[in-house]
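Scroll down for the structure; my scribbles are underneath it.
We just call them A, B, C and D in the order they show up, numbering each chain from 1.
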Amino acid sequence: MTQKTKLRSSFAEAVADIPDGSTIAFGGFAMPGTPFNLIKALMDQGAKRLTLVANTTGGAQQPRMPDIGMLVENGQVAKVICAFTAATRPTDKLPFTPYYESGEVEAELVPQGTLAERMRAAGAGIPAFYTPTAVGTELAEGRETRVINGREYLLEYALPLDYAFIRARTADTAGNLRFHRSQRNFGPVMATAARVTIAEIDEPIIAAGGIDPDDVHTAGIYVHRLVQVPPAPDGLWPTKRQERKR
Amino acid sequence: MSGTKGLNRQQMADRVAREFQDGWIVNLGVGIPTMCSNTDIGDRDITYHSENGVIGYGGVAAEGHEDLNLVNAGGQNVTLKPGAAVVHHADSFGVIRGGHIDATVMGAYQVSMTGDFANWKLKGQKGGGIGGAMDLAACARRVFIILEHVTRDGSARLVTACDLPVTARGVVTLVATNYGLFEPTRTGFLLREIAPGLTVDEIRATTGGMLTVTHGLREISISG
Amino acid sequence: MTQKTKLRSSFAEAVADIPDGSTIAFGGFAMPGTPFNLIKALMDQGAKRLTLVANTTGGAQQPRMPDIGMLVENGQVAKVICAFTAATRPTDKLPFTPYYESGEVEAELVPQGTLAERMRAAGAGIPAFYTPTAVGTELAEGRETRVINGREYLLEYALPLDYAFIRARTADTAGNLRFHRSQRNFGPVMATAARVTIAEIDEPIIAAGGIDPDDVHTAGIYVHRLVQVPPAPDGLWPTKRQERKR
Amino acid sequence: MSGTKGLNRQQMADRVAREFQDGWIVNLGVGIPTMCSNTDIGDRDITYHSENGVIGYGGVAAEGHEDLNLVNAGGQNVTLKPGAAVVHHADSFGVIRGGHIDATVMGAYQVSMTGDFANWKLKGQKGGGIGGAMDLAACARRVFIILEHVTRDGSARLVTACDLPVTARGVVTLVATNYGLFEPTRTGFLLREIAPGLTVDEIRATTGGMLTVTHGLREISISG
């Protein structure tokens, strides 16, 4: 095994070479699976004109953790591709929303399942597919649809990524990953769609073969850099969700 | 909130949960729909699915027993039932898009008498919050909507046609409001059950579109 | 839990209600994952005019196990959808081949990855997708293609199933499955595409919750009937592959 | 078999395996390509993938130590290397179609000088055996072909244009035959290395299409 090690000793090192203009996806659905430490390192690293892909831009919950909104506030973001440019409750305000409304940052609003499937398609070599989702809505206006077996479907294109930032519970040195419970969410999908996948790992990284091949959630061929998350307060960890005051 | 008349939030959720049939796979949206999981459904076996890939979650975790890596669609730390399984996001929406969800329960701003509904964007808003709502709306076998019968300023939420951007068209199976239980039909909203303390006239006055009333209209049982 | 049990006491009972004209997929790639016992029961059950979906029609190897070829010989098959209507080595003869060449049984030859993806699409609610596979070949003649980002792709449609017959190592009473090594192959994909999935299981079926939710390969919502495979000779098990004499 | 001249089957496989670079993910087809896994590749770390979802398999299992539920694409009972992972068939072809395979090695009946090849169907045959060949051919980053240089009756397999139904067009990166190592180029086949005991004239006489010879042509090293 002469292949270069996938282990990185710091989050800073893991994101050091990311160029301006990259397309980067962040895993996570609420707290679980969100790569807080890599996002924080990207803020310090300072890459600009980024296109960021995630379920949401963050900031609806307290305590606030590193999120797309912070990168936007940091002036690093050109565009966001996500399922929420605004909060579900109209009374909640996402930090990102005013930047979008003012036109300072561009956004592409995508239904959550379509977002996941577009990245799955990119990873699996499917350049485009049809979906029933969003047919008849504002999101389908002016776009190509097709009737198949009597039902109307919308054409959607693959969404390839330059980088995926994800978080998992367990990793071996071959890059095989296991996620804990709903930590899994977008992680395995984004890993397949990215040229370079960087994973922050909860537990000490184990030797190749330490995960039974039947128990691997994301195959090591999709994972290029691994960083172990240090204990708090040096490392950032999910906390209990606190409702924002209304 | 305007729901001072008729059912409270839990009672609306309870009424919808009573529709769930043994063996169903059900997705509960954020807000009132989540409260369906509090309803006592007796010995019916219901599998709750959430968008983030949890199939078979249970109630909210007890204080101090939360698994911080396990949440439902609303971000609450939940528990798992025996027989639960976790899948990734693309597979989770494969469950939804593939028609494997027997019923989804969602909140909404408006429902039209033709079964359209709107829940992702306010009028004039740039962007919005879609989440998984469009996938669920287009693909679940049944779409149940729970909403307050009227807006804060008293105007109808059950309307002839939505004037807000819709989430999906012609998909709503059943609507529970604090005033009653409604079904969009080709002849307008069919009032199937009425909340205690409400009259058909009150409902007619606060409902947009056509309203028909089922034969032998009954009160919604709120015992559960 | 009043939901009807998924346990069936025999293979005959598990396949008893399958009507003539059904579309049935069989898992398996070589021996691993092939539902030999369910295929045998289907031969005894006698349903006719079947459309069968599998990687191959079988019979290239010795000892011969229940396969599509046998159902064809049994007069039960109208059409086969597969990646091999003939063996890889032209000198090998598949039992199925003469029935196809004579026109007695219809066949649709599909590249293996396209076959898997068409079933994955059916299970995931994607009615059609584009793929680079088979572009420029005889299989693409007269069919719809589309240029996306400068490359030509072929349009392929979802392949929904009435029944999937699959084999797994472990199952719980909720229908959650785990496969052992390359036993997995088509099993999880076919399960999502079928109205009714019937699984034959190597090990005694355990109580719901006996498989950790993170370790489930196929979620129980996709599995409807379970039969435990008895020890040989009553049950059929994979054997060591023996080369056919050339 | 006609391969009495030049390299034997293992030597052809060895020559192709020498192309594999550290860190590559490689898919080996049935037949001679499988023999690439016997080649000593020194300290290079190669991950072998097979269509049935095994990522990181090793050599053939020792007699009596076979796992009957673990096979490679050829149905042989193989072993797993540390760090192996198993995925299902749709995900396995996601690896292939998604461009994650650095090189695929396949057998063929014919290769054209423009990089087409044919390996799934004989002339006039109804149907054929495609397996995963079309997916691999269309999607792997490099397609390496191993075949006997001439047919049993002595006609060329390296041809101007395939007269058999093709598996994919314009995809072949490198061809190893018992006579030499060839690269399809815009000016025909480029002979890059020659097998011991063969002459350029012999190769020219048995190769269809145009043939050019690399400057400083070397013999294929058969030490490994």
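One rule holds in what follows: contacts are C-beta pairs under 8 Å (C-beta built on N, C-alpha and C of every residue); 3 or more make two chains touch, one makes a residue touch a chain.
No experiment lies behind these values; they were computed from the predicted model shown.
Novice: Report which interface contains more C-beta contacts, comparing B-C against C-D.
Specialist: C-D
Novice: How many angstrom lie between the centres of chain B and chain C, each centre taken as the mean Cα position?
Specialist: Averaging C-alpha atoms per chain gives centres 37 Å apart.
Novice: Give, as an integer number of Å, the spacing between the C-alpha centres of chain B and chain A.
Specialist: Taking the mean C-alpha position of each chain, the two centres sit 28 Å apart.
Novice: At what distance in angstrom does the C-alpha mean of chain D lie from that of chain B?
Specialist: 56
Novice: In chain D, what residues contact two or more other chains?
Specialist: 54, 80, 86-87, 90, 93, 96-97, 139, in rising order.
Novice: Taking each residue of chain A in turn, which ones touch at least two of the other chains?
Specialist: Chain A, residues with two or more chain partners: 117, 120, 124-126, 131-132, 179-181, 184, 213-214, 217.
Novice: Going by the touch rule set out above, what shape does the chain contact graph take here: line, ring, star, complete or other?
Specialist: Topology of the interface graph: other, matching no listed pattern.
Novice: Going by the touch rule stated at the top, which chains touch which?
Specialist: So the chains that touch one another pair up as A-B, A-C, A-D, B-C, C-D.
Novice: Considering the complex alone, what residue numbers of chain C touch chain D?
Specialist: Going through chain C, the ones touching chain D are 29-33, 55, 61, 83-90, 97, 100-101, 107, 109-114, 116-117, 119-120, 131-139, 169, 179-189, 217, 237-241.
Novice: For a test of understanding, state which residues of chain B touch chain A in their complex under the given definition.
Specialist: For this pair, the touching residues of chain B are 30-31, 50-54, 66-71, 75-77, 80, 86-90, 92-93, 96-97, 121-122, 125-135, 138-139, 165-170.
Novice: If you look only at chain A, which of its residues touch chain D in the complex?
Specialist: Answer in residue numbers: 1-4, 120, 122-126, 172-176, 192, 207-209, 211, 213-214, 216, 219-222.
Novice: For chain D, which residues are in contact with chain A within the complex?
Specialist: 22-23, 25, 43-45, 47, 49, 54-56, 80-87, 90-91, 93-100, 139
Novice: What part of chain A is in contact with chain C in the complex they form?
Specialist: Against chain C, chain A makes touches at 117, 121, 124-132, 146, 148-149, 151, 153, 157, 178-181, 184, 213-215, 217.
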